[in-house]
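Structures are listed in the sections that come next.
Look at the two complexes coming up: chain A is in both, with chain B in one and chain C in the other.
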Partner chain A sequence: MVVNSINFWLFFAATLLPYFLLYKAGSKWQNLWLLLASYFFYGWADWRMLPLLAVTTLIFYGLGIAIGRNTESNPKKAARYKTLGVIIGLGVLVYFKYLGFMVDQFATLFRSWGMNVEESIFSIVMPIGISFFTFKLMSYVLEVNLGNIKPEKDIIKFGTYIAFFPTILSGPIDRPNKFLPQLDISRKIDADNLSEGLKRILWGMFLKMCIADRIAPWTDAVFNNYAHHNGTTIIVASILYLIQMYTDFAGYSDMAIGVARMMGINVAENFKRPFFAQNIAEYWRNWHITLTQWVTDYVFKPLTVSFRDWGQWGIYLATLINFVLIGAWHGANWTFVLFGVYHGLLLILVLALEKKRKKFEKKHNLKKNEFYKWSRRILTFLLCAIGAVLWRSASVGDFFGTMAQIGNGCGGMFTGGFFAILTFAIPSIFVAFVDEWLKEYDKKLRFFHNPNVVVRIVSIALMIAWVIYSGELDGNSFIYFQF
Partner chain B sequence: MEREEIFSKLNEIFEDVLDLEGGANLTDSTTANDIEEWDSLSHIQLIVAIEKAFKLKFTSQEILKWNTVGEMVDTIIARLG
Partner chain C sequence: MAIDLGVGFTHSRIFGNLPDKTSMVSTIYYSLFKKSADVLILGSSTANHHYNSKMMEDSLRMSVYNSGLDGRDMIYFDVVLQSTLERQIPKYVILDISSVHLDGSWISRISDTKLYYGQNVPVSNYYDKETDWQQRLKLCSALYRYNKTFSYLIRVKLDAPNVFNGYAPLVGNRENVDLTYYSNFSLDTKELAHLENIIKICKRNNSILILVQSPQASDNLEFDKWIEEYASEQDISLIKENKNSYYFDNPSLFYDGSHLNSQGADILTKRIIEVIKHKIDNNCNN
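Coming up: the complex of A and B.
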């Protein structure tokens, strides 16, 4: 059930009415209703996975309490419960997500030694959203152990946090510290929340349906047959693919955030104008923020602390491990690992050159130089576009094959279906760009939030018309649902 | 060592490591959000510098639990005994 589908809106309307009617009954009843709705929603995607969600939720609920009981009296015991939680979380993730891949890799290895191994012994169905909810579960025990939050005693509330339907399939990955306290107060029907939420959903639909889904058929056609395309086509497709990836996932995140907002719940932001980043470090601070933050807090920081006596090299090593994990989080494929190595090495380069860069900028007074800024932005974008091709490739061989095509002459571009992109996606990309530019440069001009009611209504109406007219209404699936 | 003494020493370290021009002006409630130059990387350089200056070695758990400069000072005092 995706947000831009009729089914979702029927479900959402049926959820929202009783939800607000329960306002007077108190937050406990609202949470219970939200929990039931969330389990229904998740079960709709795949009912066989409900027991896994429920059992892991119960286990982590118990671990949280066990950690809380021991933090003061016996910190070592508390730390052991935390470790157990991390092992269970990772164990579930590895079992469902990576085991099949690992078994295949070993089988290939054994076969290369001349042993006879059966083809694909394992076939495990991967539960949808597993990478997201296991990360929420693990962050909960880690935060309780650090003493940043008190263990949650209310199982309904805890279950609602883990299964919260707007974000369970694909994030943003909320932290317990910010999310749980919101469930303590009754959420009443609020005009501001409703209108802000709807605006956010509309913008998300615009990004997803008018840009991502419009570009997708063309980039698919190019990358799925890369051997038949020349350099010009591959370069244009790589640039468009990064835009597609962004609008697909940021569009999804906007919709999730908007749906939650309508219910009076604030979900963490996932993107902050990543294409305005001037280097890879900044890019990752603004791209899939909730994942990067998670890995920074729970992996990168502890690693840098452990490696702190190795100076710069300790930080480089931690960076590399960090990015290999971010890459591998996306799925069991060497392409994702290599994607992590690629970004990790770029980031190490940024860190190694930081002092020199700052000196250079001071000497030539470049801090406010727009030409310098845009050169860096374009360079960062292009480096990320190469990463995106790697990310998209079915295998590492495919990636190098695709890249090799760039060297194979730069004749005319493949135009099959390209005009559908030109006429529909290009104006939309321009609108999205102007929106981000206004925000990045702190311009006062606003459309959806203009102080003048006429401008507000006209711009929203125009946007609705544009989404209906130019949007891909065929309910494409989201790239990030596979994780 | 007195709390104030530790703060003045920390101010020097912060100013030096983070290259702050106007001084660090640390208080008990200062966090990384208050100082732009204090990110996850400079955090590590700060810890190494602090360990060197006070001649002690923190455990990972201690470091990860800090949320404010005040908590950091508490650990230093506890460690110096």
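Coming up: the complex of A and C.
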């Protein structure tokens, strides 16, 4: 049930009405209703995975309470429960997401040594959204152990946090300390929340349906047959694919945030104008923010403490491990690992050159120079576009094959299906860019939030019309559903 | 609502007066609303590129229209035939057929006709009877019906005028064609129902239906067997040009693995003309 489908909206309407009617009954009843709706939603995607979600939720609920009981009296025992939680969380993730891949890799290795290993028949169905809800579960026990939150005694509330339907399939990965307190208060129907939520959903649909889904057929046609395309086509496809990735995932995040907002719940932001970043470090601070923050808080920071004796080299090593994990989180494929290594190395380069850069900027008075800023933005974008090809490639060999095509002449571009991009995606990209530019430079020009009601209504009506007229309306799946 | 009405009004005017060009939307428009002929050619890209309508007209002294369009399936062929009947009953219907027209893989392409929902009876009937309530609900909106049609309009402006009554010759040739065989065919019941409807319409109107399998480098043996048995059961002529080694011995007749070039198309067309002439002779003798 994708958010941009009629089925979802029927489900959402059927959820929302009783949800607000339960306002007077109290937050507990609202949470229970939300939990039931969330399980229904998750079960609609794959009912066979409901027991996994329920059992892991119960285990982590119990672990949270056990940690809470021992935090002061027996911190070592509490730490052991925390470790158990992390092991279970990672174990579930490894079993469902990586075990098949690992078995295949070992089989290939053994075969290369001349051993007779039969073709792998190991096949595990990966639960949808597993990377997102296991990270929420682990984050919960880690936060309880750190003493940042109290263990949650209300199982309904905890279950609602884990299974919350707008975010369970593709994030954002909410932290318990921000999310759980919101479930303590009864959420009443609020015109501001409804209108802001709807505007956010509309913008998400625009990004997804008018840009990402319009670009996808062309980039698929290019990357799936890269050997037949020249350098010009590969370069344009790489740039467009990064835009497609962003609008697909940011579009979903906007819709999830909008749906939650309509229910009176604030979900963490996942993107903040990443294409305006002037270096890779800034890019990752604004791209898939909830994942980056999760890994930074629970992996990078402890690692830098562990490696502190190694000085700057310790930070570089922690950075590399951090990014390999971010890459591998996306899936069981060497391309994702290499994606992490690539971004990790770029970030190390940024860190290593930081002092020299600042000195250079000071000397030439470049800090406020727009040309300098845009040059850095474009460079960062292009470096990320290379990373996007790596991310998109089916294998490492495919990535190098695709890159090799860039050197294979720069003749005319492949134009099959490019018309849809020219007529619909390019104007939409322009609108999205202007919106981000206005926000980046804090301009007062507003459309959806204009103080003049006529401008507001007309701009919203035009956007709805544009989405229906130019968007891909067949409910394509989201790229991040595979994680 | 006002935008929806405005878009509906302007677009219905524009898409109801398209020039006769080789673009997809023009072909759909002329097949559904304008063209009629004694010999109607139905099919996808193989039909579009393989049947020289001008050569057929000159030889048979009958009007010929090639409604072939890339990536279409049996549902589209049925809709086109029904639409043509409203103007003229064709004497001969040539249906260029292959497994992809019946296995459901191209079924979604019928959505390109949704802009004529409410204007063309067979199109409207298809959506009203064979699609779900969600689709019918969406069709209430003109913005939805004309979704992504703006790019079609640009194509209409850029594409060449249609001078061959639907036939689009391909120029270029192959040095070799590797024949590949496979056996994997699953019949889609919805597609089959539309094939049955085409047969029923032809029988009811005394139109002679001729099925043709065009020469293609990849040959689905399971489908070949199925269509042979089916044509025999239904007592329909089936011309198996996909088994004619002449084409494969002369790869220069191919544009690519799936399509003949204009020289290859002329040879295939002559073969069809012979079959039709033979049928005309038979009818005269009877």
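Note that the second predicted complex is superposed on the first by the 483 of 483 C-alpha atoms of A that agree within 3 Å, B and C clash if a C-alpha of one lies under 4 Å from a C-alpha of the other, contacts with A are read in each partner's own complex, and residues count from 1 in each chain.
Just so we're on the same page, a residue touches a chain if its C-beta (ideal position, glycine included) is under 8 Å from a C-beta of that chain, and two chains touch if they have at least 3 such contacts.
Source: prediction; values computed, not measured.
Contacts of A:471 after superposition on the shared chain: chain C is touched, whereas chain B is not. By the touch criterion stated above, A:306 is placed in contact with chain B alone, chain C being left untouched. Legend: residue contacts after superposition of the two complexes on their common chain; A:148 is shown touching chain B, with no touch to chain C.
Of the two partner chains placed by superposition, only chain C is touched by A:419; chain B is not.
Touched by chain B in one complex and by chain C in the other is not one residue of chain A. Interface residues of chain B facing chain A in the complex, by the touch rule stated above, are 40-41, 43-44, 47-48, 60-61, 63-65, 67. Within the complex formed with chain B, the residues of chain A that make contact are 75, 79, 146-148, 296, 300-302, 304-306, 308-309, 314-315, 351.
For chain A in complex with chain C, the touching residues are 6-7, 419-420, 422-424, 461-462, 465, 468-474. Residue ranges on chain C touching chain A, taken from their complex, read 3-4, 7, 108, 111, 134, 137-138, 141, 143-144, 146-148, 150-151, 154-155.
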